[in-house]
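Shared between the two complexes below is subunit A, which pairs with subunit B and subunit C, respectively.
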Partner chain A sequence: MTTTINIPAVIDPVDRPEGDPAGSESLATSLLSGAVRLTEFSEEALLLAESKWYWAGKAAEAYGDHAKNFAQRHQPMGETLKRVARGVDVFADQLRTLQSDHTTISSDITSYHRERADLITDVNLAGEVAEAEIAALQERARALTNRRAGITTDITDLQRRVTENEQFLVQLFTGADTAAEASSPTGGISALALGAIGRKPSAADGPKAMNAWWNSLTEAERDALIAAYPDQLGSADGLPASARDAANRLRLDADLAELEMKERDGTLLPEEKQRLANARATRTALEHADGYVVPGTDDRPGGQLWLYDPDAFGGDGRVAIAVGDLDTADDVSVQVPGIRTEMDDAPGGVDEATRLYESARFNGDGSSVATMFWLGYDTPAGDLLEWGEVPSEDRAADGGARLAAAVDGLRASRAHDPAHMTAIGHSYGSTTTSYAATDHGLAVDDIALIGSPGTGPADHASDFSVGADHVYDGRNSRDFVAFLGDEGWVRKDQFFDTGLGMDPSSEDFGAHRFQAESPQRGWGPNFDDHSRYYDRDSESLYNLGRIVDGHGDDTNSASQSYDPWWGDPIDPEWDRDPTSQVPGQSQTGLAP
Partner chain B sequence: MGAVGILALLLGGCSVTPADPRAELEARAATIDSAAQDVLDSLHAAGVDEATAKGHVDGCQSEPAPGVSYRAGIAAKAGSDLASAFDALVQQLDASGWKPTDAYRDVKIDPAKPMGRFTRDDVTLDVKTGGGSVGGKWYGADEMQLGITIKDGCVRVPDGGYIGQVRDLEKDILPRS
Partner chain C sequence: MTDGVTYNPVMPGELDRRWSSQAAQMSALMKSLSSAPIGGLPSVAVGPARTFLASWEKIALQAKTSSEVYADELRETGVSYENLDAEVARRMAALGGGAG
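And now, the complex of A and B:
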């Protein structure tokens, strides 16, 4: 009897996407330089247009008007050229991805042909063979056919994306190749982007609507949008973190290129100095995140620039940087910093995020993790450290609304793949987190407060959106700031106007208190111990890692403080010997 | 809490940023590097030759009172009999002045993967064996991992990303001979 084994056909090789990503990036840099020159030109013309004490009269007026017109004509040209430069950058990024995908597909084709040749050899060698062997050969042929179908789909997809990317570049240049287009407010914006942005919901429609809109776009539309409107997309709640990251990196690169060039030229405006400082701090922080490797391992989670808004809050700025992938991580944490934290503190905040990441992974269950330093609110700038001045709760109330909105955005961006989420509020950030959880339904699974001066509007852990059983508190017994919260029958803010609400470590509040002492702790209350919660190999970081990993029920408990009627509050942790690097208690990583 | 309590709080002290934080950190790093070289000698004498040591700069205290610290880590291939290698090392450490502590008295220690903490002057040495799991992947199953820190190792630094200015102190620590 003759048995037929259907062997699938060969696959033709695929052309490598043409182009040089590095060359394209170099072109983008050149275009950006030109754009900056135009901007400088325009700004200089505006300065010249101002009236001078030494020159008055009709000629001076005519000169001023001419200079002003000149500035107004060149300013939009500069903006158009910046958009084109950003677009070329996006094209280069996409080209690099496409070439990498081409390499993968080519390798798949080679492997497919090898297996196909093996199968042909085995079929030709088979003479009178048992039915089981025939079945095995047929099964191999079926698997190979499926494999071929998969590779063919990948090839079709790659070719479509290559065409879209090339069309994107063509549209980019043809949209800005006449003087009229270059001077237009939409110069350099592709038709794809213009069409897609017209359908973008407003922020008021909520992050779910934003996410639905984004999911309705083609890859080419998304690329075009990121190039044309990075400022709108970089802070759009509901968008995937990868899209926000791409938009924000583009903005950051453009800011650095432009402002550093102006600094070199001596044309940096006074109001741009803070912006440049904020951009540089963000660059440093992002480098920390991108380059981080968990000590003693090959685990390199990478960074994401989730929020970059260097002009917010009168120049204080907003920034959020994640370690790990916010789009896919099983466990996601959001760290909310406290008083006097500004963008220049972002590198330190990211370092905390790396240590938290390490702790969650080292003591974790193998789940993937992303930890994000979130400076998305206007922290108060009081002299708490110098004078014990406690700020009002206004910033916490505003920050609470912003934090809840940010978390809603993260949730909406992966509605079908929800992460276990933890919010960690440190210092004044714990008050901010309390506002988010009490007044705005903060949509996380667990909340940890560390070094808290008070829980704002919440009198009890059960007031929090997550329920009392998912509220955790870490308090170093020597932490001065943590003394400021209320407990017992005499409330400090009634008598001394200190504190920002209840002390979450107290038995009155009803949260789970975890161990957070440090072997370096001081003899009495001090501010250094207020800053030790993220120290490597500390009790606090160990317990925070457990909570982030979704095992808050397995933290090392500490007895709550209490306030007897006959005297001052008593903290049972005061006399316990602190530990460091002890497995299961305070070891948070391998020795490097 | 009464007024006395508030006064007591305000009396508490805290460290200040030194005039030259880098110099402070360098002094601590020199002590730690020297101790690490001593430990490399002890490992060699204990028959554990394949060891690498690195000095790391790390953030310690976070904002609003940031600090940086320096610590050394040693990874040493100790083979499958970690307990014997550990015992041999303990003898050598004792000979060079390291005193054991009871830091891990409450930890249930696997006899096949012993660990211990030792001190000498202001320096602390932690010795752990058998590696550990990070993200579900096991690292260093046949290794001894040693961490070296110093008392009061956290140096207060100015606000705003100072750590980048001392990263260059990170290095491979080489044996003396």
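And now, the complex of A and C:
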């Protein structure tokens, strides 16, 4: 009896996507620098048209009108060239992804051919074989056929994406290669982007609508949009972090190219100095995130620029940078900094995020993690300890609304794959976090407050959106700022104009207090201990890592402080010996 | 209608210098566009990229030429004002002793 085993056909090799990402990026850089030059040119032309202080009269007017018109015609050109430069950058990024996908598919094909050859050999060797062996051979052939179908689909998909990416690039060039297109406000914007942006919901429609819109777009439309409208996408709540990151990096690169060239040329305006400082701080912080390798491991989580808005709040700026992938991580944390934190503090904030990432992974259950330094609100400039400088809670109230909106955006961006999320508020940031959790339904799973001067509107942990069981507090017993919160009958904010509400470490507040002492702690209350919560191999960082990893119920508890009627408030942690590098208590990573 | 004529002799020199610097900027832009690296692009995009770059070189060239024209015209304007001033001065001087 003859048995037929259908061996699936070979798969033809697939052409590698043509082009060189690094070479394309060089072109983008070159175009960007040209765009900056053109922008400077038109700005200077406009200034040159205004010559009133040394020349007036009909001749001067005629010159001024002509020169102004000339300047205005050139004004959009810099933007057009900038858009094309960004588009080439987006093309290069996508090309890199496509080439990597091609490598994966080629390796799949090789492995498919190997298995196919093995099957043919086994079939040829088989003479009179038992039915079971024939069934096994047929099963292998069926599996191989399915495999072939999967690889063929991948190839078709890759080829479609390659074509779309190349078409996008071609349209980019052809859409801005005439003088009329160059000076048009929509020059360099592809038809794809123009069509897609018209369907974009407004921010008022909410992050879910934004996410639905994004999901309705093709990959080519998304690339075109990022190149054309990075300003609109970089802070759009509801978009995936990867899209926001791509848009914000383009904006950052453009800012740095433009402002640094102006600085070199001596044409940097006074109001642009702060913007340049903010951009540089962001670059440094992003380098810290991108280059971070978890000590003693090969784990390189990478960074994401989730928010970049250097002009916000009168030049103080807004920025948020993540370590790890916010789109896919099982556990996501958002760290809210406190008073006087500005964009030049971003590198330090990212360093804290890296240490938190390490701790959550090192003492975690193997889940993936992303930790984000979020400076998305206008922190006060006062001093919590200076008489007359104590900030009001207005900034915390406003920041709370912004924090809740940011978290809603993160939630909406992955509605079908929700992460376990933790908000960590430090210092005044803990008051901000309290506002978010009390007044705006902060949609995280767990909340940790560290070095808190008070919980703003919340009198009890049960006022928080997450419920009292999911509210944690870390307080170093020597942290001066943490003394400012209310305990017992004394309302410090009312009587002494200090503090910002309840002390979350107190038994009256009802949060889970965790150990947060430091071996470097001072003999008495001091400021240094206010900045030790993210120290590597510390009790605080160990416990924060456990909370971020979703195991807040397995932190090392500390007794709450209390206020006996017969004396001052008592902190039971005062006399406990702090630890460092103790496994299960304060070890947060491998020795570097 | 203007409020009269004001002319500061610093004008031609200042505007000439700055428009000439503008022309130099555009010259540099032309150079960078002509040497922009397109080797990393896929073959399908090379032609459009060349056309694009050539078009922008032309834009830069026109901007450079216009800047030079402004510089030249303003220099000439300065000379014209000076000539007019000198001419009027001559005429005033030529009024002789009969006037006044």
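A few remarks follow.
Here, the second predicted complex is superposed on the first by the 583 of 592 C-alpha atoms of A that agree within 3 Å, B and C clash if a C-alpha of one lies under 4 Å from a C-alpha of the other, contacts with A are read in each partner's own complex, and residues count from 1 in each chain.
In this text, contacts are C-beta pairs under 8 Å (C-beta built on N, C-alpha and C of every residue); 3 or more make two chains touch, one makes a residue touch a chain.
These numbers come from a predicted model, not from an experiment.
In the superposition on chain A, A:A346 makes contact with subunit B only, while subunit C stays out of contact range. When the shared chain is aligned, subunit B comes close enough to touch A:H530, but subunit C does not.
Contacts of A:T178 after superposition: subunit C is touched, whereas subunit B is not reached.
When the two complexes are overlaid on their common chain A, residue A:A312 makes contact with neither subunit B nor subunit C.
By the document's definition of touching, of the two partners only subunit B reaches A:R361; subunit C does not.
Contacts of A:L119 after superposition on the shared chain: neither subunit B nor subunit C is touched. Put simply, more of the residues of subunit A are touched by B, taking subunit B and subunit C as the two choices. In the superposition on chain A, no subunit A position is in contact with subunit B in one complex as well as with subunit C in the other.
Against subunit B, in their complex, subunit A makes its touches with residues 281, 284-285, 294-297, 299, 337-342, 344-349, 351-352, 355, 358, 361-362, 364-369, 384-385, 388, 426-427, 478, 480, 483, 487-488, 490, 492, 495-496, 498, 520, 522-528, 530-537, 563, 567-569, 579, 581-585, 589-592.
Put simply, subunit B touches subunit A in their complex at residues 1-6, 8-15, 54, 56, 58-67, 71, 73-75, 103-104, 106-107, 115, 117, 126, 128, 131-137, 139-140, 145-147, 152-154, 156, 159-161, 163-164. Note for the complex: subunit C touches subunit A at residues 2-8, 10-11, 14-15, 18-19, 22, 25-26, 28-29, 32-33, 35-45, 48-49, 51-52, 55-56, 58-60, 62-63, 66, 70, 73-74, 77.
Taken together, the subunit A residues at the contact with subunit C in this complex read 17-27, 30-31, 33-34, 37-38, 40-41, 44-45, 48, 51, 53-61, 63, 67, 70, 74, 77, 81, 84, 92, 166, 169-170, 173-174, 176-179, 182.
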